[in-house]
Amino acid sequence: MSKAVLEFKDVSFQYQETDKSIDLLDSLHFRVFDGEFISIIGASGSGKSTLFRLITGLEQPVSGSIHINGEQRPNRLGSVGYMPQQDLLMPWRTIYENAVLPLEIKGVSKQDAHQQVVKGLKEFGLSGYEQNYPSDLSGGMKQRVSFLRAVLSGSNILLLDEPFSALDAMTKLSMQEWLLAQWEKRGQTILFITHDVNEALFLSDRIFILTERPVKQLKEAVVPMNRPRTLSGLHAPEVTKMKEQLIEQLRERISL
Amino acid sequence: MSKAVLEFKDVSFQYQETDKSIDLLDSLHFRVFDGEFISIIGASGSGKSTLFRLITGLEQPVSGSIHINGEQRPNRLGSVGYMPQQDLLMPWRTIYENAVLPLEIKGVSKQDAHQQVVKGLKEFGLSGYEQNYPSDLSGGMKQRVSFLRAVLSGSNILLLDEPFSALDAMTKLSMQEWLLAQWEKRGQTILFITHDVNEALFLSDRIFILTERPVKQLKEAVVPMNRPRTLSGLHAPEVTKMKEQLIEQLRERISL
Amino acid sequence: MRNYLPSILLIAVFVIVWEVGARIVNTEFILPAPSGIGLKLWDLKGLLLKEHLTSTLLIIVIGLAISIVLGIALAITMTQSSVMEKTFYPIIITSQTIPIIALAPIFVLWFGYSIWSKVVVTILITFFPITVSTYDGLRSSSKELKELLLTMGASKKDIFFKLDVPSAIPYFFSGMKVAVPLSVIGAAIGEWLGAQEGLGYFSRRMMTQFDGAGVFAPIVILSLLGIIFFLIVIMFEKKALKWRK
Amino acid sequence: MRNYLPSILLIAVFVIVWEVGARIVNTEFILPAPSGIGLKLWDLKGLLLKEHLTSTLLIIVIGLAISIVLGIALAITMTQSSVMEKTFYPIIITSQTIPIIALAPIFVLWFGYSIWSKVVVTILITFFPITVSTYDGLRSSSKELKELLLTMGASKKDIFFKLDVPSAIPYFFSGMKVAVPLSVIGAAIGEWLGAQEGLGYFSRRMMTQFDGAGVFAPIVILSLLGIIFFLIVIMFEKKALKWRK
Amino acid sequence: GDKEATGKADELKELDVMLDWYPNAVHSFLYVAKEKGYFEEEGLDVSIQFPANPTDPLNLAASGKIDIGFYYQPDVIMARANEDIPVKSTGVVVRSPLNHLVFKEDSPVQTPKDFEGKKVGYPGIPLNEAILKTMVKSDGGDPEAVEMVNVEFELGSSLIADKVDGVIGAYINHEVPVLESKGHGIAYNNPVDYGVPSYYELVGVTSDQTWEDEQKKIEAFWRAAEKGYDFMEKKPDEALDILLDNQDEANFPLDEEVETKSMEILLPKMESEHGFGSQSEDAWQETADWLKETGLIEEIPEMEDLFVE
């Protein structure tokens, strides 16, 4: 196995509310290796997004340490690429201006930035839309811009928080296949939050399941499918069995 | 087979726009029998919701006729129960007042209405929430109120337009099981629009697929599963095969 | 309460600076001290509250009542008839960019020095927010809910009373929250133009008497009036919209 | 244009009824005929446009400019410092329910007949909508986008200029659309209270001359002024918000 | 005397005066002095303003926004007595009341007592209330039965629009001839005939502060004004022409016929054996006594605070 690009060492975390504190992580320990595709599932409120907030540096652990590419820094902001739920493009910026945003913030020279963005837009099938505004684009296209923006942050680690939850079923399917193709081509490490067990199975190498609160340990499932994957692979007996187990684990926590 | 409760006879329909007209249905013919659970799938914009608008009477066919319970009436408004996408409860009305709405409109006496609503709320596990406002309820509970409202319309035919699309995956699962239980108990006829092929397979007797435009004929698939159903039934080989076929049919029309 | 502490402190500091400043400048008719205004208020409380406040209040209440009735009526007419909507809506919107209020002096010629010249100013200034917000509110009702009601067999009347009216209520209150302080201003402006009584008139009259504290005292009452009216609207709003969390 | 036909027709009918009515009543100083107002406008165009319009325009422009600068500055201060926000926001909101404008007569004592007494009235009437809308706009920027920028390593300055400012622009323009017609009203009210020139002053003065057409003529110009200012704001808005479909 | 040798405009001292009303014949002396260069000879650059509100000449003089405001003697006494407003008269322009009770000739009211139960408009100046009350009372009526309406400057229009039955605060040298020239039949009662002392209609007021700081300037103003008045007295027609030349034609057109008539009424009321502008303590005392009688003031102020020569 290759080197660990992300490591949580005994990380504890809690949100402080005025009257109480919500314990979410308790001495959590896990590692993610270079080039992996990891999905994270868990009931609503189990702390999936909080994991991402800790990784990006929007929150700091109460104790323990977070290592990115082997380094531990208190200010991690700007060190990973993050693609949020929905697209979150700025409606007042053109597609080009949206994509160039992380480069602008990093202070990359205009010329360099231009080259990178134009290249990226082309690769992602968005050429010709540079001067359009997000409102002119379809949902799938907007997601691709948002992904490009995360990629242009330049980091080898990409965090995707339910990126496809707002897409309709058919568009979602296409985007999943497209995402897999991009990931296979680029070799970045991806952490992917989803509610959809099928999606997790279809995309990832390993699945992390959050079941308890506070989370002491991530349950982990290695997906028994080879790549490249097809939708029909999801119907293989070992996969359907894993799927039922995953759903069972999640259902324990459901209440309407 | 039992009697046809809904029948389209050579129905054609088009939307008139200022510059062009959009042909959606062309001499469409189909029948739905008493007590059936029918799912309708099809790409976005293929005309699923338009079918419902025609059945409810919000739109009138350009030619052909629509028969409900054997009768053909030009004003069909009020003759079927309709449950829209999301919940669409009135935020300013309490749960009780929301549920009683169709009875109010039908002019049912207050006393009768009260009896029916209280009974319904109890059956649907909503007792104790009569005086709450919708904002106090969870997504699943709101859907149950919305379903109760459709049931209280008193019709034997219920139209459900993507009712669960806004729910998160886990809640959706519970609601599907709950809906099946209600349907089996009540014996009403249900037409159910969805984007989710799994959902369609899990719930319905027959699946109608809209693939062309204008729709001349509904492709139809009879789901090869017995009732009562379980999630694991979805992994039976004949079901996964049908699923792949359905997805294939739908994918032909996808473009990002 | 704790949240308002900084504001209250700032106001206190402001009043103290004013008091000290006024004592230094020491020309009461240009800059009366807050303490002087307070004393004046106390001295004149009977006269101001009984006579002038009553008169101004009457203008505000009549003006607002007419604005509400006319505004709601016009808003309903516009939502019910598209001819009326096409005719009136552009005029109402455009009229807002026109300083009709500048015509106020001529109202005196039309209505004399009766209460009506002031009521008309109040109506002119409050009519727009009430009409436009009510109209927007009636239009805001969701198309989906309307169609849902139709599928239940609802009549036009059902839709109006069960959907349009409840949808309009939050907007109506927004309009009222704008209109109510404006009504106080409208009444005061109306009174400047010619009156025998009223707080606006009294304030202006005290100018002719070089009584600075007397100028400010009725304005303090007008301000309290504005705040009280506003709070009343908020109270009703809370009651009507208790379904809002 | 076709859409406005009913409105235009109604206005035409109104003007004709007015003309006929005025000829029947036949007391020009109470109800001048529209034709008379038109003629008067033509006669006085030089004087009104050159002298009085210039003067009123100056008040409006200076008043609006100060309101915009102060309003934006205060809005920014409030979003950047929570102490300032806690201190000023409640005061600004409450001040709106206070008829500060009723203090206008005293401004004449403080500023004399100089342009400043009118500018202050204009500022008082326009400051609130500009400040509050800009503030609300700066606050409206999405928390999600802000966090996204932070994950990119954005500085406070980046977030302000790349997120807060663009988010505030639509709100700022809404505020301006309210403020601009109010500025015309403010200038006119200011001129009633003490002026030697200006359209509001001229109108009021013509009342003392029993010249009804002379009363209305400058108001016609004020109205056009309001409409033109409004259209200018809309033009800038369209330009700044061209990303809106 | 100690006239400053001047000539260059940039050495002129600025002096702001505010008229009691829009310019008319009574102000001819000012325009003459301006036109003929009398002010310039005294080293003054005088700018003339008109009030937007009836009380502004006194208000703004008191707050130092103008140097001299033309106002009414009783109001000066009231301001001093009641609110201790630091203003004093520095010269008299019109020596007896022009302010009359004006009504329509064909109206049912003809003398002050007829106004019982009627409406009388006035420009918001309390003095007018006192004058009317004294008039009604001395005519045997009940002053409380008269309703007084503040009509600001809209005296003429409110009368002919029948919004009021009569107006007080209107001038026989202006409103009356103007209304007559527009074809309205007008009648009036003179307050002096109904128990009101013959107070100074128009005096020039200055704040104590301005007087202290700028006494020379004020004195220079009155010297120039006197020259203007002398000219006006000797050549009324020419003075009138100067006024008409200086008028703001579109803003406030003057009717030559009206102003000629006005001039005839005015000149006798401006003349004084002690010279233009002069004031007598007796006149101040008499007016102050009347004010005390009517209750408008409670104490009579020191005479030296009220006026200076």
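We call the chains A, B, C, D and E, going by the order they appear; numbering starts again at 1 in every chain.
Everything that follows uses one rule, which is that a contact is a pair of C-beta atoms (placed from the backbone, for glycine too) under 8 Å apart; a residue touches a chain by one contact, two chains touch by 3 or more.
These numbers come from a predicted model, not from an experiment.
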Chain C reached from chain A - shortest hop count over touching chains: 2
Minimum number of chain-to-chain contact steps, chain A to chain E: 2
Maximum centroid distance from chain A, chain identifier (CA atoms): E
Centre-of-Cα separation between chain B and chain A, whole angstrom: 34
Inter-chain centre distance, chain B versus chain D - centres from mean C-alpha coordinates, in Å: 53
Inter-chain centre distance, chain C versus chain D - centres from mean C-alpha coordinates, in Å: 18
For chain E, residues that touch 2 or more chains besides their own: 53, 59, 63, 154, 157, 161
Overlap residues in chain C, where contacts from two or more other chains coincide: 29-30, 105, 109, 204, 207
Per-residue overlap in chain B, given as positions that touch at least 2 other chains: none
Full enumeration of touching chain pairs: A-B, A-D, B-C, C-D, C-E, D-E
Touching residues (chain side chain C, partner chain B) in the complex: 142, 144-145, 147-155, 158, 162-163, 166, 169, 241, 243-245
Chain C to chain D touching residues, read off their complex: 3-7, 9-11, 29-30, 83, 86-91, 94, 96-99, 101-103, 105-106, 109-110, 180-181, 184-185, 188-189, 192, 200, 203-204, 207, 212, 215-216, 218-219, 222-223, 226-227, 229-230
Touch list for chain A against partner chain B, complex: 43-44, 138, 140-141, 168-171, 173-175, 178, 195-198, 231-232, 235, 237, 240, 244, 247, 250-251, 253-254, 256
Contact set on chain E toward chain C in their complex: 53-55, 58-59, 62-63, 78-79, 82-86, 119, 121, 124-126, 147-152, 154, 157-158, 161, 163-164
Residues of chain C that touch chain E when the two form their complex: 27-30, 105, 108-109, 112-113, 193-196, 201, 204-205, 207-211
